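Consider the two complexes below, in which chain A is the common component and chain B and chain C are the respective partners.
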Partner chain A sequence: MDILITGLLLGATYSLIAMGLNLQYGVARIMNLANGEMLVAGAFAAFWVYTAQSANPFAAALFVVPGAFVLNWLIYRYLLRPLVRRAKNRGMLEVDTILATFGMSFAFVGIMLLAFGGGYFTYSYLAEPFPIFGSPFGLNRVVASLIAAVICGLLYVWIHGTRTGMAIRAVAVDPAAAGLVAIDVPRMSALSFALGGAVTAAGGIVLSTFLTMDASVGVVFTMKALIIVIMGGVGDVRGTIIASLILGLAETAVATLVDPGMTLAAAYLLFVLVLLFRPQGLFGRRAS
Partner chain B sequence: MRRRTALRLAAAAAVSSAFSIGTALGADPIRIGAVAPKTGPLAAGAAITHWPNVQLWAHQVNERGGLRMKDGSRRKVEIIEYDDRTNPGETIKAVERLATQDKVDFILAPYSTGLNVAAAPVYAKHGYPQITATSITDKIPELTKRYSSIFFALGSTTALAGSVADILSKLRAEKKIGNRVAMVNVADAFGIELAEVARPVLKKAGFEIVYDRSYPLGTQDLSPIVKGAKAANPDAFVAWSYPPDTFALTEQAKIENLDVKAFYTAVATAFPAYGGKFGKSVNGHLGAGGVNPDTPEMKAYFAAHQKVTGKPADFWASAVTYATLQVLEQSIEAVGTDRKAVTEHIKKGTFQTVMGPWRFSNQSIDKFWTVGQWQDGVFYGVASTGLSGAKPVITKTGW
Partner chain C sequence: MTRREAGYFVLVAAAFAVLACLPFAGQSYLLTLGVGIAMYTVLATSWALFSGPTHYISLATAAFYGIGAYVVAGGIGTLPYPALLALAGVAGAVAAALVGLATLRLSGVYFVIFTLGLAELIRQIVTWVQNNFTGSRGMYVLTDITEQGIYWQLLALAAAVYLIGWQVARSRLGFALRIIGNDEVVAAHVGIHSAAAKLALFVVCGVFAAMVGAIMAPRFTYIEPSIVFTPELSFQVVIMALLGGAHRLWGPLVGVIPFTILWELIAARFPGQTILLLGIAFLLIVYLIPNGVVGRIESALRATGRKTSHA
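Up next is the complex of A and B:
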């Protein structure tokens, strides 16, 4: 039971890390290697709100989410659109955006170093035991999982229940065909890229309540997000959620039953298995 | 095109004016290179322990008019900084560059055990003294034998692990704790080496290791570890941990209410942020390092550190880092900028530092703090290899 709950809590954390990248990669086709830095920026904002303003760290969402949305919109519009326009095919776009966002991630790290300094950012918020079926769990992790569930739920409903959501799904499946049925593909791509950035930054706020961050830590989250998005299937919200939960459960089970040192091995083994048997990801569509 | 030319001209003008300002000051400054992480996994640790001390030292030396050279002249110091991105290859390149391109007079030691060991051959090749303040290893005898320019000041792995066993033995002799120890370590060079040294030491001291696990660096959820340790019902908890996991393990132990009388986490326990984050519940926590903050030298050092850099010094390697800079300072003042003479002087001289008088024997300081403990908001040294001023150890009482 402990394994199940701990695993689900960890899985929810992972889904917060990966959901934004899924939108950016799946729909806008931008393999954003600067995704982790956006998360760290959100975490810093929460840290600043909590320590300097002594307010609830979640209040940071009030300016972080719109801010990240606008910032990512601008990034897409002015830095990435030229690449999209220039690219002759998807492969070329991927190579170009990987290089561009890789460079961007260094720039972001540099900016955050200037703005926040290089030290560790950590604070205690809701670090109290919260009993579930008699055993204690960190309240901050439980709250994070609930927020993750809400964010994922809203995204799912929005993508599967609204007209814009349908357009986004159409772009995820085939940008060229989506353009033929009068969907404004550049606009939808920009929207999902911006939304992905906003979700990632929101994830950063939540994670900062229990993870210790510094300006250079973003790449760790990018890597985790990458694994989850590819495991779950590019451009599918359900896939990302399921893959996150599987990864969380597997890592916790291995850490408890086998050895905590084996968690990374278990995660990559799962990743390799998925790539071997379902290269398109758990929920991905086979490339036609 | 025209704009580009204008930019180039402006840049050239800026560079030349910078040079002319430098020469206008008269006596040439002593140029000192500094290589350490500003980005990458160890950047945060370096931002707490390493860089502020470089800043503080240069500020203080220049404020008093520079180093007082043998011939009576004063020479300021100029620091040339490089970011090695926590990558040993980059550290080596930067040291090489400082020695051959920038032709600096001295190069400060890099940050952390790994980066120092990686760069040691380059320092030796170019004949630059390398006074390390943040490397802990049992290989000190071999390394000092191989490289005549390397110095160690923070201690050895065995001493660090041995002191923990000593403290636990003492608490057991006083009937404050029992025999059961839960030990975890981060699966990285530092954690693995310490765990391997500690295992036989603890067993020899008669302790039973009831939980012994490692976890990968960067693990995002350590609750299975703490749950496992708790289930083993230990009297003492020892973690050979790195900063992010030191914070995470402590928070998780608090959530799980891990009820031990001795709680030890390694690196970062001495950071002011650790006490700041957990407040009163860290009272009695043991950790790597410690200082004696009550000496007049240390009091002045802590105050200056806060004033000049705007942040507090940590309670371990910060002061040691500053002390190594003082060693370099006093050697240059004694024998000038001849690197060979400085190296020889460091080997033989006695130095007045914030850590007290220092004398290297076989290129290493053999009196150093090994274990510290949070007591009423300050991280005091409670065990050392022959230093005075250690506080008596207390037991942890609840969270």
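Up next is the complex of A and C:
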């Protein structure tokens, strides 16, 4: 029971990160390996707000989310757009963007090492017990997962209920066809890339309230987000949420029953199972 | 073997013979640099054997390298060193085959993602095993192998990589890989078993990386998961191969030599900023010279060749 609830709480926060990556990969077609670094940057901002300004860490969202949005917009516009133009087909674009974002991820890690040093960062916020079904859980985890759930809900409604959201879904299905019905594909791609970055940075703030971070931990989160996106099906919001919950449960189970240092092994196990049995994802349609 | 090929063969063999005399120059700095260059040459060239023609980017070098180093560290007390070297190769082959079987049947993205976290995954598992079953985190590798010995072993391995790369390029397998790289659907339609071809080359790549790790293990003396499973290694190998040009057998070498020398300087001058500078170097290569230095030279040669033929 403890595993179940802790896992679901963790999974809810993961869904935020995976949602960010899904917007970037599913819509903008950018396999962003620097996604985890955006998350760590958000977490560091929250850490700074809490320790140096002694304010509520969630206040960091006020400047982190718009900041990440603008930064990711600029990255897409000036670094990735040339690659999209240069690529002759989707395969080439994938190779180029993987290499470019891999380089960016190292550059970001380097910048954060310069700015914050190589130590571990953690702070204690809302670290008090909160009873669910009689067992105590960290209030920070509960608050974090609630915030994540609200943001995911808003995103879902926005994507499925507005004109812009529909345009984004159209680009996710087929960029060429979306262009034919007068959707500004480059603009929508830039928008979803920027939005994805902002959502991921928000996920970083949320995660920082209960996880310990260091400058080079980003790649682990990139990995987890990628596994979730593939498990849930690329470009599928519903699948992403369910896959996040599954990963959260699996990780918590492994951490409690085997060893807390083996969480990545749990993620890989799920990844291998998905690759072997449902490579198109839980809800994905088989590619023709 | 044509006459031209025989000429190249003699030339390369002579170059290796000259390089093998490096330890007798008596300068230890030169020898250290030589070890670095030889090591990255093997790693980058074997990386390019697989990733060059197929365009599948492998980020798993550090994982295989660490496996090789750990095989030596774990068995040095019980088995003779040459047997451990062979064992490391086998371990690398098995690991590469497992990864390949799980991912290479599918599109390239899955493969990249899988290899991205592989070094971290194996590091976690090794740490867990050591914490729970052996008691201590690190291991000592104490041998009487000298720096010269390591250099010669790496040189021999480099010769093996070039020999295999050359044989693969002229075989049916190499031809099949080039077709897969150009268009995987076409490859499947002309009857190429593309998963098997990719798997074969990836295993070669894994064997070499593991053997390099095994050869380098005595140099570390003390081995710990965070030392040998460093993701920076995979990254450096990819950079060097791309800088030189991954589509030619000798391309990576063109990248390895300047980069290793430059890196020695940078690591000495700015020890805190290496990761940032690595990232920037990588971005510059991807944006400015996507086909590597060799690609640049070739297109320049083609351009001048066209001009002279017109005149």
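The working rule: the second predicted complex is superposed on the first by the 271 of 288 C-alpha atoms of A that agree within 3 Å, B and C clash if a C-alpha of one lies under 4 Å from a C-alpha of the other, contacts with A are read in each partner's own complex, and residues count from 1 in each chain.
We adopt the following convention: contacts are C-beta pairs under 8 Å (C-beta built on N, C-alpha and C of every residue); 3 or more make two chains touch, one makes a residue touch a chain.
A quick note: this is a predicted structure, and the numbers were derived from the prediction, not measured.
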Quick one: chain B and chain C on chain A, clash or fit? clash
Looking at the overlay, what does A:Ala60 touch: chain B (first), chain C (second), both, or neither? neither
Thinking of the overlay built on chain A, is A:Leu114 touched by chain B (first), by chain C (second), by both, or by neither? second
I'd like to know which partner A:Gly261 touches here: chain B for first, chain C for second, both or neither. both
Based on the superposed arrangement, let me know which partner A:Leu276 touches: chain B (first), chain C (second), both, or neither? second
Report for A:Ala243: first if it touches chain B alone, second if chain C alone, otherwise both or neither. neither
Between chain B (first) and chain C (second), which, if any, makes contact with A:Thr212: first, second, both or neither? first
Mind working out whether A:Val199 is in touch with chain B, chain C, both or neither, as first, second, both or neither? neither
In the superposed arrangement, does A:Thr252 touch chain B (first), chain C (second), both or neither? first
Answer with first, second, both or neither: which of chain B and chain C does A:Ser105 touch in the superposed model? second
Taking the options 8-16, 62-70 or 188-196, which segment of chain B carries the C-alpha atoms that clash with chain C in the overlay? 188-196
What residues on chain A does chain C touch that chain B touches too? 106, 109-110, 113, 216, 220, 259, 261, 263-264
Please name which positions on chain A make contact with chain B in the complex. 2-3, 6, 9-10, 13-14, 106, 109-110, 113, 117-120, 122-124, 127-129, 135-139, 141, 210-212, 214-217, 220, 224, 248, 251-252, 255-256, 259-261, 263-264
Within the complex, which stretch of chain C touches chain A? 55, 57, 59, 102-103, 106, 108-110, 112-114, 116-117, 120-121, 124-125, 127-128, 131-132, 231, 235, 238, 242, 272-280, 282-283, 285-287, 290
Applying the document's contact rule, which stretches of chain B touch chain A when the two form their complex? 38-41, 43-48, 51, 86, 184, 187, 213-216, 218-221, 223-225, 227-228, 243-244, 247-248, 251-252, 254-257, 268, 271, 273, 277-279, 311
Which residues of chain A touch chain C once you look at their complex with the stated criterion? 31, 33, 79, 82, 86, 91-92, 94-96, 98-100, 102-111, 113-114, 216, 219-220, 222-223, 226-227, 230, 258-259, 261-265, 267-268, 271-272, 275-276, 279
